[in-house]
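Before any comments, here is the structure.
The first chain written gets the first letter, and so on, giving A, B, C and D; residue counts start at 1 in each chain.
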Amino acid sequence: MKVFSEEISLEGHIIDSWTLPRAFDTIMDMGGSFDVQEIQVGRAKDEASFARLKVHAETEDKLESILSALQSFGAVLASREDVAYKPAPANGVLPPDFYSTTHLPTQVRLNGHWVDVTKTEMDLAIVVSPEHSEAHMVPFSGVRQGELVVVGHDGIRILPPQRPREREIFSFMGSNVSSEHPKRLVIDEIAKQMRAIRARGGKILIVAGPAIVHSGAGPYLAKLIRDGYVQVLFGGNAIATHDVESVLFGTSLGVALHNGKPVQGGHRNHMAAINTIRGVGSLREAVERGIIQEGIMYECIKNDVDLVLAGSVRDDGPMPDVITDTSKAQVRMRSALEGVEMALMIATMLHSIATGNMLKASVKVVAVDINPAVVTKLADRGTFQALGLVTDAELFVRELASALDAADEQESSEMFKLQKL
Amino acid sequence: MKVFSEEISLEGHIIDSWTLPRAFDTIMDMGGSFDVQEIQVGRAKDEASFARLKVHAETEDKLESILSALQSFGAVLASREDVAYKPAPANGVLPPDFYSTTHLPTQVRLNGHWVDVTKTEMDLAIVVSPEHSEAHMVPFSGVRQGELVVVGHDGIRILPPQRPREREIFSFMGSNVSSEHPKRLVIDEIAKQMRAIRARGGKILIVAGPAIVHSGAGPYLAKLIRDGYVQVLFGGNAIATHDVESVLFGTSLGVALHNGKPVQGGHRNHMAAINTIRGVGSLREAVERGIIQEGIMYECIKNDVDLVLAGSVRDDGPMPDVITDTSKAQVRMRSALEGVEMALMIATMLHSIATGNMLKASVKVVAVDINPAVVTKLADRGTFQALGLVTDAELFVRELASALDAADEQESSEMFKLQKL
Amino acid sequence: MKVFSEEISLEGHIIDSWTLPRAFDTIMDMGGSFDVQEIQVGRAKDEASFARLKVHAETEDKLESILSALQSFGAVLASREDVAYKPAPANGVLPPDFYSTTHLPTQVRLNGHWVDVTKTEMDLAIVVSPEHSEAHMVPFSGVRQGELVVVGHDGIRILPPQRPREREIFSFMGSNVSSEHPKRLVIDEIAKQMRAIRARGGKILIVAGPAIVHSGAGPYLAKLIRDGYVQVLFGGNAIATHDVESVLFGTSLGVALHNGKPVQGGHRNHMAAINTIRGVGSLREAVERGIIQEGIMYECIKNDVDLVLAGSVRDDGPMPDVITDTSKAQVRMRSALEGVEMALMIATMLHSIATGNMLKASVKVVAVDINPAVVTKLADRGTFQALGLVTDAELFVRELASALDAADEQESSEMFKLQKL
Amino acid sequence: MKVFSEEISLEGHIIDSWTLPRAFDTIMDMGGSFDVQEIQVGRAKDEASFARLKVHAETEDKLESILSALQSFGAVLASREDVAYKPAPANGVLPPDFYSTTHLPTQVRLNGHWVDVTKTEMDLAIVVSPEHSEAHMVPFSGVRQGELVVVGHDGIRILPPQRPREREIFSFMGSNVSSEHPKRLVIDEIAKQMRAIRARGGKILIVAGPAIVHSGAGPYLAKLIRDGYVQVLFGGNAIATHDVESVLFGTSLGVALHNGKPVQGGHRNHMAAINTIRGVGSLREAVERGIIQEGIMYECIKNDVDLVLAGSVRDDGPMPDVITDTSKAQVRMRSALEGVEMALMIATMLHSIATGNMLKASVKVVAVDINPAVVTKLADRGTFQALGLVTDAELFVRELASALDAADEQESSEMFKLQKL
């Protein structure tokens, strides 16, 4: 029987980051086999390891498939050829054998050198310009006819996530914190990291669902924004509408937020909130005219948060600030994501999945929802940087605000002491 | 203490449709009180009942609120004035005291006569043209400056749902069928009603989520369409993409549908499916060129189903047939909903909520999802026409197809017997 | 066609407590019909209503069924006969046509007088002693051969729940508070009621699941007990084991409670906790010897809480205090429930359902779980006294402790002010 | 700084079964460090691998903890001493430093030889008799004063699960099949394995929840039993009660199983079912007297299935066959589990967790529930032999019966063809 073979190599922390055993698994799962040509395991924890394997399969197709899978773990084909590419046949259309990206750092070999691919995101294509030794990822809609799109598997290298040596919250908890675990401590750790990012002028994104408002936790999120913990906020028509409704009428989903009692006119109130903002033309205008004087939207506008409200087909109204064209909303979101180091996704599946699709692997992700299935979907990113909490949005936002507050107070009392010395 | 009062009347099956006790509840919940001025209860089951109440509240605002709530149960203010209206101040903007609609049949009093309001939908405004004695509901975006928009509560009458006398599946099950109840029998009943609608040339809508394809139930839905049980189909980019992926590559979400084993390239396959259709320009073109020769999309196109694919911000691609502007998608959905008698919402929360918002109360709704919270949200429509099933999309679609098939076969064998006689 | 008929009457707040429309529904759902003989509706809110119906059915069996259903709404058969009874054929066995109870207040007619049935609980039998004009409910295992057991439907009267006039948390929220509603306000209200019960020397029951300990909320529950808010505590082997584990080793489910990090030996620790208590013979002995000096179990023993630990087939060990025979555990639970006014069921399905089965309708029930299906099951009691919260046990217990604390502090500062005057 | 060290070795398929990387992880997670002394990786897939590590920690306690964790992956302490043991201080009480077992195959070193420990189960103790070179696991209640109980960590060897080379359903699906995957194919595979077990006279256990009866799938489970696919059945009072109720009255939970309509007397019917069986004394007696002539209980008795009904504190009645003492029920379950090769746990959390605790790692487990959290809890066994399906009990049982039927028919038609030749 004919056998097709190819040699690959893997290096880095391939054992403790589980790369090597996953590679073995994958080859066998996909019906191939392998011989280990060479293996060196780092003896102490700061030494890297190295493995060279020969992979076999019965058909060329199957071998291709296996190699493609191994690439996503960081395997490099031993035959060191340049990356292959073909021109896009039309605007928004790729060559049939285009390479589909992962959210991991990726390099392509152009003119014998490895070049970093920028604008990392999952499920995109790679456009190269060989003369400038440049490569970047691009969604369908961003491809112009004739641009050179990477095809096949040669000359592509993925740098898989290395499990961090310093154990921190995102790796030691595993990716999922059920409702049965102590969340208070996890929230303290998240607060610590948020403070560190704020201190160094980094960017934090919050993807916010309307349950934050309904459950009465809106003022806590507003405070987070005011205190400088939010640089980018993604949401939909609902969070904006219910936030404005709560500010104008004191209600959310027909419930008075100050006493929890249902009031008549819940439905009308959210419609009236939308109508008010439509009447003045934008949320910013409403803030400037003093129509809304507090709340999440108010703080976003006052604190120059990059606010992207992406529309959906279930929206009433919508608010004039909502981007109803979802392709345009994606463009705005991609641009706002530049430089984001941490993303908190709270009680919204649609906008969180959209965001997750656009985030590169190195961004820290915290996914919070009361539905365990949603948390699993969002936190299962194949990285050591994602953390899912099965809990209440109300609890999470309030506890986070209180943890940040406590730390801020402690800091200022320490500063005060220092000043006195 | 000053008290504000107003007299209202209720008539119809106000006791067995629970209208009267709900009215009593509402008045008391909202802090009002009442006296029963007159009450007549129909003695036999086809006699209507009648009640006249005097409602009291401490402030005019509170009284207004209570009256507005009572209107949604069908209460008519005894003071029989005409409906009030004001011109819209700008395109897409309503007068501040606009009346916000329910999904129930509604009438307004114009020139002393009750006029039916058309295009019934929840959370819209009513535009009247007094000289033509005409009134219809309209969303924000459909309002033009100067059009006359109904304001306040006078001269508005809602016809609340009457609980059907003939007990049928939609009323006797209550609105929720948990996973612990026998679903086979419920599905048989739904099949019976679908056959009746098909027989009289009525319209059935299916709102379809991608889990139908992932779980391997795509061919069953395709068969339903082929057999004439679907006139309108709503979905998003995902159902179209995964349907085409399953037809072109035999996979869905990286799993081979013929043997359930994971294959490499799941992600790439869905991207390649999108790319293929983008390459030819539309699903219809792909069908006409013979690129896709079976599946849900194929059957929709071949059988002239009114197919509306509404985009969302989490879409890859998208497919060229997807309407990326959500406001435009709503317009297309509204138009496709004309004449729909029954809506089956299967394993998709976003598109189902969007659809539910646009459906008038009289449309029969079946909501199917494995998550009980989603089912409750969709089936809780305040009508006796909605039925929620907590179950597997795969089970539901397959069992429904088999129930319809069994009935079709029985019918044709009976027809055969008749012909032989 | 022959028709069987019987006259029944209903009285009380039969419209605003929804009794009459439910009766109408039931008759029609069960295939019967009716005529309204007489109806009087109370005009003002403190006037009772009255209705007399003639119910018809095609078979005697069907009529029997309908009458039995109507009885559970409080209908009284117009033919005012005494209750019927037969001797139990053997210990623990009932006559075949025994009457099965509801959890509502019930009376039987003995010697022409209505007698209250004591020891109210659902799904029991009624034993009467006509010569003493006494009647009480009894479970299967409590029936002795020859005791007189009520059979049939005559001479039985149920007093259905009246919807309270004063709107309070248990009625105005409906029975279900989803994770999207503001729970803080609801918790404040619960705290208020707990304080009132404590003030009048009433009894509060907590049914406690182990997630309270795992999530780090154990110390808050311990404080509640110490502060006199818990008179009865039901749980299983797990809450006791994990409480002792957390006290002895600082861990729960293999996670260190002080820093949230997993430690080795989680499994061993819970086994060692059990072994320690087995070694001294009982929790009380461990408290007395100073082996456990804090925690939930410690506070129960120190504060004379009536603690019932009911075993289950999944238990390790178990702890020596656990009652492994479930029938005996039921007897102990029944006896501890005497006088309980409020039951908080937190994060435990098995023990909560067991408790719910034993609670009469008038006990206030608060059911807390993160799974909406569990909350629905527990809070759906057909009374206006049950409240379900879909939330985190950790949140709930901590917020409740903080709400009670705040109120206690306020009170003592007011007392202090008074003393100073 | 002082450092405590110890040498350990690992061998077998330690890379592709992920043992080595997990060992690395664990050491670092627990605050230790290590040097790799020697490593040999099997080059072809049937060659075993070998590693020798030196593990370091700052305290002796920490080192102990780490070594204990590594043992559960199969690590052997290089210092090859015999196992240590101490006498049990009292009946049902262990020495304080007792060794707590895993559900994996375990050996202890007695008199210089490795001896298999029998009666494998998680969270038990090991009793040895050195003179007979014998060792077995035992629960708390099974330990007698003076028996020699293993303590500490020396001389204990665990054989960790080897990932099977032949990929089959239990390993290639991962442990969790969500509702979005095609379950039909998975069920076919389960059916194939059940047929193989039946063919070789092996034992299959079903742990059955009452939803099987409520959802109308009882007759399918009864057929499985009749066809020889069930040798052991575990359940509680509910499955027995509702099965008998459905046989005697055609109802379950107040719903008529033949038409899905609610009937009066659901509650009474289950009480009457219990009363009927209590009247004759046992299910077997009821079968022999012809009182029950079909159903799950009937088939169990007729087909000599080892039926264990374990009581719980929420039971009504209970049925006379229910073992109310949970410790005794555990003894019966342990004994019935001897020789079981496969366990199907369907829609019951309590009895499934109890069973899962008692199953050794090599038993194949299929866990079916509509709640994803329950499935995760049951299927997460750290083996490659557990499979969780998030789906409907009704669907699962019916599809399984139909898959088994189809295979049986095919077989008999093939046998028929063979006979004709």
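Things worth noting here:
Keep in mind that, in the parts below, a residue touches a chain if its C-beta (ideal position, glycine included) is under 8 Å from a C-beta of that chain, and two chains touch if they have at least 3 such contacts.
All values reported here derive from a predicted model rather than from experimental measurement.
Shared contact partners of subunit A and subunit C are B, D. Among the pairs B-D and B-C, the greater number of C-beta contacts is found at B-D. Work out the mean CA point of subunit A and of subunit B, and you get 34 Å between them. Taking each chain's centre as the average of its CA atoms, subunit B and subunit C sit 38 Å apart.
Taking the mean of the C-alpha atoms as each chain's centre, subunit B and subunit D sit 45 Å apart.
In subunit C, 29, 172, 262, 373 are the positions where the chain touches two or more neighbouring chains simultaneously. Listed in rising order, the residues of subunit B touching subunit D in the complex are 172-173, 179-186, 189, 211, 214-216, 253, 255, 257, 259-262, 370, 390-395. Taken in their complex, subunit A has these residues touching subunit D: 15-18, 20-21, 24-25, 28-29, 33-36, 39, 41-45, 163, 165, 167, 172, 178, 372-373, 376.
Subunit B meets subunit A in the complex at residues 26, 29-30, 65-66, 68-69, 89-90, 92-94, 96, 98, 100, 122-123, 139-140, 262-265, 267-268, 270-272, 274-276, 278-279, 310-318, 324-330, 333, 349-351, 353-354, 357, 371, 373.
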